[in-house]
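Structures given as structure tokens follow.
Common to both upcoming complexes is chain A, partnered first by chain B, then by chain C.
Let's turn to the complex of A and B:
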């Protein structure tokens, strides 16, 4: 079975959707060790699993030879989480508005919208090697 | 996520527990609903009391369950929606799509 690799505040996950729980545990444990409020931990975990799911499923197309890398850093009362995949660049401009009446019953397409709502900052840029890098920033104190 | 289910007054009550974030969660709830609908049990309550949070994958699963039940001519209600999930339903406007009740009892009464 594929397993994630953890090095300090970085987790490297093979592109298997069943590993999403390990990403959640990794993110939550590092926030909990800094006594972050439970509600803020939930917001950050929602967003980190959101972006990691996107990387595993849509970016890497569940190719087990490709990985998603998530790194957390803590400065000035903020957490920064950088998540990169090895797929092709995902342009956020292509997402339809999930609040449009015609999109309300779609099962997908609201992840980035939710992340924008819950995080203080969201950046989506091309990753080195062709994938997508997503940076999340949230105040935690 | 763990999933318990029970029946009350002819209504199926599904009780997921934990976080709904993708992976195996995606199939467990959908398959359970599909099995009940195929068995002609089309009145369903999802009791979210023990669900800490869900991400957009979780919301997508809820929508899929709703569509499965409605397309079969049944009805689906939510109960005990926690504050975190309530706020997600609000910002995504899904609050207009789902009928939510403060207790499983009320949701069952509305569904039966």
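Let's turn to the complex of A and C:
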């Protein structure tokens, strides 16, 4: 079975959706060790796993030879989480507004919207060598 | 995810425990649709012990809601943790789902005379 690789504040995860729980555990444990408030941890964990999930499923198309890399850093009372996949670039402009009445009963399309709502900053850029890099920033103190 | 089913005369309650995400979504949907196929389409989902929900979990709940409505049933949610409630409000799914603070409040919608199976 494929396993994530952890190096300090970085986790490299093979493209298997069943490993999302390990990303959640990784993110939460590092925030908890810095005594971050539980509600902030919950917000950050859902956002990190939403983006990692997108990278595994939509970016890497669950190709087991491709990985998603998540790195956390802490400065000035903020956490920055950078998540990159190895698929093709995902253009956020293509996402429809999930709050439009016609989209409210859609079963997909809420992930990025939730992330935008819960994080202080969200940036989506092309990753080096293809794929997508998503940067999340949130104040934790 | 653990699912505990309590059968009542007029409805069933499913108490969920654990993460509501892509890993648990398919089994939850299958489980509920089995009840719907047996005619048990008046359903309370007690989410008190759901400690994680993401867009995959929300999508599954929307899918289940649509199936229940197609079967002329009714799906209501109860006991959302504050974090889960926040996600429903952000996505405005709080306007789509019937959400109750307690399971007792949720039961009332099925115990009203007009909601009883005759």
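The rule is simple: the second predicted complex is superposed on the first by the 141 of 141 C-alpha atoms of A that agree within 3 Å, B and C clash if a C-alpha of one lies under 4 Å from a C-alpha of the other, contacts with A are read in each partner's own complex, and residues count from 1 in each chain.
Throughout what follows, a residue touches a chain if its C-beta (ideal position, glycine included) is under 8 Å from a C-beta of that chain, and two chains touch if they have at least 3 such contacts.
What you see is a predicted model; the values in this text were computed from it and never measured.
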When chain B and chain C are modelled together on chain A, clash or fit: clash
First (chain B), second (chain C), both or neither touched by A:53: both
Touched partner set for A:133, first chain B, second chain C, both or neither: neither
Touched partner set for A:69, first chain B, second chain C, both or neither: neither
Partner chain in contact with A:15 - chain B first, chain C second, else both or neither: neither
First, second, both or neither for A:105, with chain B first and chain C second: both
Chain B versus chain C as contact partner of A:84, first or second or both or neither: neither
Overlapping contact positions on chain A, where the chain C interface meets the chain B interface: 17-18, 20-21, 24, 39, 42, 45-46, 49-50, 53, 57, 98-99, 104-108, 110-111, 113-114, 117
Residues of chain A defined as touching chain B within the complex: 17-21, 24, 39, 42, 45-47, 49-50, 53, 57, 98-99, 104-108, 110-111, 113-114, 117
In the complex, chain C residues that touch chain A: 19, 21-23, 52-56, 58-60, 62-63, 65-66, 82-83, 87, 90-93, 95-96
For the chain A and chain C complex, residues of the former touching the latter: 17-18, 20-21, 24, 39, 42-43, 45-46, 49-50, 53, 57, 98-99, 104-111, 113-114, 117-118
Chain B - residues contacting chain A, complex: 19, 21-24, 26, 52-57, 59-61, 63-64, 66-67, 84, 88, 91-94, 96-97
